[in-house]
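Take this structure first; my questions come after.
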Amino acid sequence: MEQHPRRLLTIVTESSIESHLLRHIERWGAHGYTITEARGKGARGVREGNWEANRNLRIEVVCDDATADRIAAGLREHYYDNYAMILYTCDVDVLRPEKF
Amino acid sequence: MEQHPRRLLTIVTESSIESHLLRHIERWGAHGYTITEARGKGARGVREGNWEANRNLRIEVVCDDATADRIAAGLREHYYDNYAMILYTCDVDVLRPEKF
Amino acid sequence: MEQHPRRLLTIVTESSIESHLLRHIERWGAHGYTITEARGKGARGVREGNWEANRNLRIEVVCDDATADRIAAGLREHYYDNYAMILYTCDVDVLRPEKF
Amino acid sequence: MDPVVLFFLLGVTAGILRSELRLPVQVYELLSILLLLAIGMKGGIELARQPFLELLGQMVAVVAMGFILPLLSFPVLLRFGRLPRADAASIAAHYGSVSVGTFAVVVAYLGSRDIDFEAYMPLFVVLLEIPAILVGIVLAKGLVGGERLRESAHEVLLGKSIVLLVGGLLIGWIAGADGLAKLAPLFFDPFQGLLALFLLEMGLVTASQIGTLRRYGFFLLAFGVLTPVFSAMIGLGLGWLLGLSVGGAVVLATLAASASYIAVPAAMRISVPEANPALSLAASLGVTFPFNVLVGIPLYHWLAGQLYALIGAA
Amino acid sequence: MDPVVLFFLLGVTAGILRSELRLPVQVYELLSILLLLAIGMKGGIELARQPFLELLGQMVAVVAMGFILPLLSFPVLLRFGRLPRADAASIAAHYGSVSVGTFAVVVAYLGSRDIDFEAYMPLFVVLLEIPAILVGIVLAKGLVGGERLRESAHEVLLGKSIVLLVGGLLIGWIAGADGLAKLAPLFFDPFQGLLALFLLEMGLVTASQIGTLRRYGFFLLAFGVLTPVFSAMIGLGLGWLLGLSVGGAVVLATLAASASYIAVPAAMRISVPEANPALSLAASLGVTFPFNVLVGIPLYHWLAGQLYALIGAA
Amino acid sequence: MDPVVLFFLLGVTAGILRSELRLPVQVYELLSILLLLAIGMKGGIELARQPFLELLGQMVAVVAMGFILPLLSFPVLLRFGRLPRADAASIAAHYGSVSVGTFAVVVAYLGSRDIDFEAYMPLFVVLLEIPAILVGIVLAKGLVGGERLRESAHEVLLGKSIVLLVGGLLIGWIAGADGLAKLAPLFFDPFQGLLALFLLEMGLVTASQIGTLRRYGFFLLAFGVLTPVFSAMIGLGLGWLLGLSVGGAVVLATLAASASYIAVPAAMRISVPEANPALSLAASLGVTFPFNVLVGIPLYHWLAGQLYALIGAA
């Protein structure tokens, strides 16, 4: 089966910034995203997700390398210092490369 | 630690086709799957997940390469044209290879 | 953009053991984790997630190789035989290596 | 204006202004489960009072209407809408079937005006849900093998809304008004409040259809307004022929006028996947639902009054 | 038949027919929170009326029953069921403990027949939840170190159901009937409705146990029907000895007959992980729960009538 | 003690003991939607009875208080708390705004003591939510460009709580008491029960703030107790000046004393992201909310009694 390499960028962060963040991500070149509700623990403590102020989102974006870099750089500049957030990328293969 | 390479296939699609899709996936050789509720945006617009007609599922299948190819081909044939759907695969290591 | 390789360890298991499992994972060296609610099917049957006894969790830990191995070994020793559980790891890149 | 309608307007407004207001989908599900069970049980209580056989004639006539309505709108959609066959069939199925939410609104409307109607009407809701789906599938696919149609029928019959409506009907039938009195504080007393919340959510969803509407333009809008009025007149006429009260005729007219946005979309997604769901939802939810709630129901009430004044009860 | 039981049957039927009907797990959680708090508060209101010390004797006897019941069923499971030690211990714990859902059904059953019972019964629900769990752990693991047992006890005592039942009891005790009157429209008036929805969900879950049942076959089925009848007779006898009213004896019999499917499974999963949870759930939820709801409770009622007619109140 | 307060204590206790009790976040959302709509509608019903213009003076005075309160606490936070500018501004905004949960508790408190108050008070809740947020942003960022401030204002105005409160107000205004009577079984009758559940959840969340509190120590604790008392006295005085009844003055005092934990945290997270949300939540939710619920409201009631006895109504 023909495969096309892309990057999968996963962000876990506070749900309070959802709409801002999505607007930014699209501006930086993402063609789509997938969101799941999450909770967790990290450097900024436990985020139990039982209440509006401590819910996390897990956002996935499949995109090309350049877009992934642009998004990562943008997040570092605009969000990293002030928000509970982690970000990681990994290599994936997709079927319809024109979508991403 | 001993590791065994497998493929992780992730599908994001409309929740309305869940039972059909799962039946297909098992027929094509998956030994298991994991589902999380999701929402998102893609070529077919925003799917907010606030209502039965616009909920997404995120389905993960860990399997061997042949099964992954079979599932991907099957999805392409039966679902790709008519449903909001993306699919990507990535390489993972598992502990108990006989399960997958 | 500077990238730092780490491992992403994903566990899918019964939600009933959540607090025990998280305590273990932290003891074995994880600096954080992300949890999403899940359901699925595997060797131990369908876990529909419609009721407290059959809910799954999907737990992700980003960590270094040694920690991933320690966690995997610990899970194999303490949980594998008696609980519905799968585990897989994959290579990811992170931005702020000191966090993980 | 009924307060439940105000909740709908609040939802639409919040949606259009892009407010952060969201109802969790689980709340939506709880509301629809409660409403469907309550409607079913109310109908069942009434069925227990009614000799079932007397209703058989009415039931056959109503089912016939469910088969005919989509056949009437299909050619319009094909010719004037210039829609692909699958889309025309799917939209026809939506409009031939019914919207339980709209039914609840007309019940609330008549209730707050103390207008009686035949209390077994929920039975007609159940009966009208299904035929249009079958017609839609046949229109899209031709006379598909019995296998395929049977699978689809199976799916529709076991969909959430039919199971809850029919289950409620049977429970109401078996337990009767006395048996269910104890359930009233959850299912019957707060009915209007539950409907208000449900309409708040439907308002938010309706607002999100506006984008699609703009893209597909004038035809959908016109179709979404004219079809219900036309179907309502058929429903009204049938109600009159069947000897229903004015209230009953208004309900039947509203059922005919309403377009499904729960059961039919789910069925079409599986059985006619090549139909674009955005189109049919934009019409049924973005145009027809608000039209019926805000304008249609009072209009059908007025029309019924005219008709019954003119000709007298059948 | 009580309408709440009809909801259970609706759930079972929908599950067996593989309908698309699902209740969101959050609705299930909300229902169980409301039911547990309501049951606790009702018991607490009654405790406030009752000199606590007078109940001490009854409480000790009931706790003793909680320790004895699992000891009786354990050897049966080992020998006739040929089950591994851990499974036998776990199932014994399930059957020695109680099901709050079944308790709610018997309360509804007696209520709709206007049969009085000692209103402090929720206290016994709390007391019976725990001992069998401790017995089960000891049966599975031997006399484990105090550390291990203390950890398990801690877990059980702070589990959701105990916290809500005990919390409700205390709130009812402190606030009394007058204080809680304002809470009635949420907790007490819709109780039967909430129970009906809860049973709908339990019906769906019950249906999903049938696969396991088929696999493990006849023994589980027989055990799941005979044990409750046997335990009910012990409960009935104890109720008679303690001087309970007929209604009270029926409740105690039902508590003895019921098998836990919430608190105990959670505790066993942690404390006796090698026990297969599918087995115990298939028995307690797939056999005993429907048996009690459909057949058992009326049977225990009839038995109590016979007993009290024969021997007279103690 | 009010039973709703007992639910709060149950939540706090369960949280501190690390019980497994959790309320699904969707239940929390449903509860807050119902409470906000109910409060709004009650206020709106009253507004419909009141000539709007007569209230204008009071409204201006209340808004002025909303601007002044954060300006008073800001220097305290900067100097005595030695907090960074952003944190001081954010906390000041929290305390200048209001907590709808606390408002609901004071309403329940007065209700169960049959003390009347001006029923249009929900209007003041809406009015007090916003000014402090604007002040907080200006304190943190200086007189930011109109663009930035406008964006923030837009966000606050369209946040969930304002939309539901204002929406409820309007619906109540338009439909009036008669129109909304049918909604009472969902929104008004179970109000105390819904509030009890909400406080159970807030108790659990409060317990989870204790860790942060311990880390930031004594200052937050003192600030969280003294500020509400001080603000309450301002609110009390203003209530007296505006000619409110004793009950009305107690409500206004409680509004002044309460600190936001829903609308303001969300706004600050976006507009003053460098402020640490753990700090402000630990103070407002971990200290001030329980203080007001347990001690503050009775204290303000007592103070109001003293004041009105001493000086007489204005």
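All chains are identified by letter, namely A, B, C, D, E and F, in their written order; residue positions are counted from 1 within each chain.
Keep in mind that, in the parts below, a residue touches a chain if its C-beta (ideal position, glycine included) is under 8 Å from a C-beta of that chain, and two chains touch if they have at least 3 such contacts.
It should be emphasised that the depicted structure is a prediction, and the values quoted were computed from it without experimental measurement.
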State the chain with the largest centre-to-centre distance from chain F, centres being mean CA positions. B
Geometric centre distance via CA averages, chain C-chain A, whole Å: 19
Just curious, how far off is chain D from chain B if you go by their C-alpha centres, in Å? 34
Taking each chain's centre as the mean of its CA atoms, chain D sits from chain F at a distance in Å of 42
Shared-interface residues of chain C (touching two or more other chains) are 36-37, 90-91
Touching at least 2 other chains, the residues of chain D are 20, 22-26, 29-30, 185, 266
Considering only which chains touch which, label the overall pattern as line, ring, star, complete or other. other
Per the touch criterion, the pairs are A-B, A-C, A-F, B-C, B-D, C-E, D-E, D-F, E-F
Interface with chain B, chain D side, in the complex: residues 22-25, 28-29, 201, 204-205, 208, 211-212, 261-262, 265-266, 269-270, 273-274, 277-278, 281
List of chain F residues in touch with chain E within their complex: 1-3, 6-7, 10, 13-14, 17-24, 26-27, 30, 108, 112, 185, 189-190, 192-194, 196-197
Could you please specify the touching residues of chain F with respect to chain D in the complex? 24-26, 29-30, 33-34, 155, 158-160, 163-164, 167, 170-171, 174-175, 179-180, 182-187, 266
Taking the touch rule as given, give the residues of chain B at its contact with chain A in the complex, in rising order. 10, 12, 36-43, 56, 58, 69, 72-73, 76, 80, 86-91
Across the complex, what residues on chain A touch chain F? 14, 16-17, 20, 44-46, 48-53, 55, 81-83
